[in-house]
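Residue numbering begins at 1 within each chain, and the chains themselves are lettered A, B, C and D in the order written.
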Amino acid sequence: MSPTSSPVRILLTGGTLDKVYDERTGNLVFSRTHLFDMLDQARCYLVNITIEPVMLKDSLDMTEADRAAIRAAAQRSPETRLLITHGTDTMTETAHDLANHVTDKTVVFVGAMIPYSFGGSDALFNLGFALASARVLPPGVYVAMNGTVFDWHNVRKNRERGRFEPLHP
Amino acid sequence: MSPTSSPVRILLTGGTLDKVYDERTGNLVFSRTHLFDMLDQARCYLVNITIEPVMLKDSLDMTEADRAAIRAAAQRSPETRLLITHGTDTMTETAHDLANHVTDKTVVFVGAMIPYSFGGSDALFNLGFALASARVLPPGVYVAMNGTVFDWHNVRKNRERGRFEPLHP
Amino acid sequence: MSPTSSPVRILLTGGTLDKVYDERTGNLVFSRTHLFDMLDQARCYLVNITIEPVMLKDSLDMTEADRAAIRAAAQRSPETRLLITHGTDTMTETAHDLANHVTDKTVVFVGAMIPYSFGGSDALFNLGFALASARVLPPGVYVAMNGTVFDWHNVRKNRERGRFEPLHP
Amino acid sequence: MSPTSSPVRILLTGGTLDKVYDERTGNLVFSRTHLFDMLDQARCYLVNITIEPVMLKDSLDMTEADRAAIRAAAQRSPETRLLITHGTDTMTETAHDLANHVTDKTVVFVGAMIPYSFGGSDALFNLGFALASARVLPPGVYVAMNGTVFDWHNVRKNRERGRFEPLHP
């Protein structure tokens, strides 16, 4: 098996990527994941992927128990290549946590600035970018956003500019 | 510089990805590339990318002179990582040609089954997937379609099913 | 019953509005009508509408037999308010034909310059505009395109500019 | 001039229709109106329309002063046919207010359940439906939503079901 078709497990945790507009309340909420729709739109037919829903949460609402659940899912995964969908606000915190506990796997975090269900979303590009990264990168914990792969220890979200940046350029 | 931020040159050659609907004639035509719009939608701010338009053509119309122009552009590129947008119908032919002439660079071909400008397009996902592949893969010629990276010598387009497959699974 | 909720029959005949992109051949084809999707997207819940598929054709391919079928459907309709989806290229010809044979009903023709399934389509606006016109206008044959209601005898498609215009402004 | 091309003034007041997603905060906000984009997408070239921005507000935040401003704009309009974009939550309240003060004009209220900038929006259909209604209906105050024209005194928003209904069916 070539490294480019290594099996990947996708852990779903929520975040903007999966939010939808609730037309009765005018709020953004979670109903179900869009990962299956996205992989279908991307014509991913032969792809060796397992999808495991862990939670659907805004990452600002994540607790220590939530992070423990993500950590446990990553640790017990038989696949050594993991993609984790995650809200962008605390993505780097969860990445730090995982880096302390999972050292023998390739773990790539991904999210979106605009929900997949809205016009102009970055979600499809980001998912494609992160999936290829998860397929090919050596073991380590990474954040794949804005067309860039960041090492977990050298990335932050610049909230004013709405983008991820290296801590030490 | 980490390998994940290596500079990438994108060579544009056309294909379904960049086609638009001409509402006066009802045909699909080329007007301009959508790559800049796509990278903008993907919030690719810090990305070290050079874009070089070579042509905008349906790949069924490509001549030997066109393939020679693509080959020349790949050979003279100062960047050693290349992404080539290309129509899907003869993508593997051009990949074969390049594999015979460019051996010291990472070359990733990408296209789309549905134009970026239409609803339900796979173009954004494919571009993200191919960009990460071009950033990380070792030298070689690849086709990145359907969420899979194929080696140039083990891929064909199954036209009946509308997808890329390995020749030898 | 107020005139604004009069029952309307929609006769489907095809045209650009209902075309889709065939990703295997790269051509625009008909598969099924999108009218149900469109009325669903428009949240038309209480609307007194009957949908009758007559054909799904490019209007350049319409024969005299096709026009006779449209005419027969219009004549036998128990509803006196009709909306007809139709390709734009020969919409005015079919409107002329109907005006000679159906004089006691409100008949509104509508189509689209861009298929509903593509980005940037005018189809949803046009359908909304034409439905309200069919609900409220007095008996007669009309073309509802470009945000304008034209009388059948004072409209032509300007193919170079891709729009409908009055013959006598 | 035929009644179907009577000049129409569009008063903009805001509402869901014009909201956008703020990717820095994750909230829905107003930045600018989308009416020009919408009329452009609808290929409304010859249409005799004047657009007057009155405010861009969530209709739950409208004050008596806001309603007075809308009323004044409607009263001083030289065009006797008015379309008013408005949030759905208090659309019927503003319609009641106008019905008490503007009796010689055709006033049609319209909004959207999903912002125009999101996928699956009803905004384009609603705008088309309301524009045709404003062009053709006799003087009176109307709410044009869900593919239906309601008289101002016989309509309510059913918030649980997310739709407009007649008070007395």
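One rule holds in what follows: a residue touches a chain if its C-beta (ideal position, glycine included) is under 8 Å from a C-beta of that chain, and two chains touch if they have at least 3 such contacts.
On a predicted model such as this, the values are computed, not experimentally measured, just so you know.
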Given subunit B and subunit C, the chains that contact each of them: none
From subunit C, the most remote chain by mean C-alpha position: A
Chain centre separation (subunit B, subunit D; CA means) in Å: 45
Mean-CA-position distance for subunit D and subunit C (Å): 25
Whole-Å separation of chain centres (CA-atom averages), subunit A against subunit D: 40
Subunit A, residues touching no fewer than two other chains: 113, 120, 162
Pairwise chain contacts under the document criterion: A-B, A-D, B-C, C-D
Interface residues, subunit B side, partner subunit A - complex: 2, 4-5, 38-39, 41-47, 49, 113, 120-122, 124-133, 135-137, 142, 144-151, 162-163, 165-166
Parts of subunit D lying in touch with subunit A, wherever the complex brings them together: 16, 21, 23-24, 26, 28, 113-115, 117-120, 159-160, 162
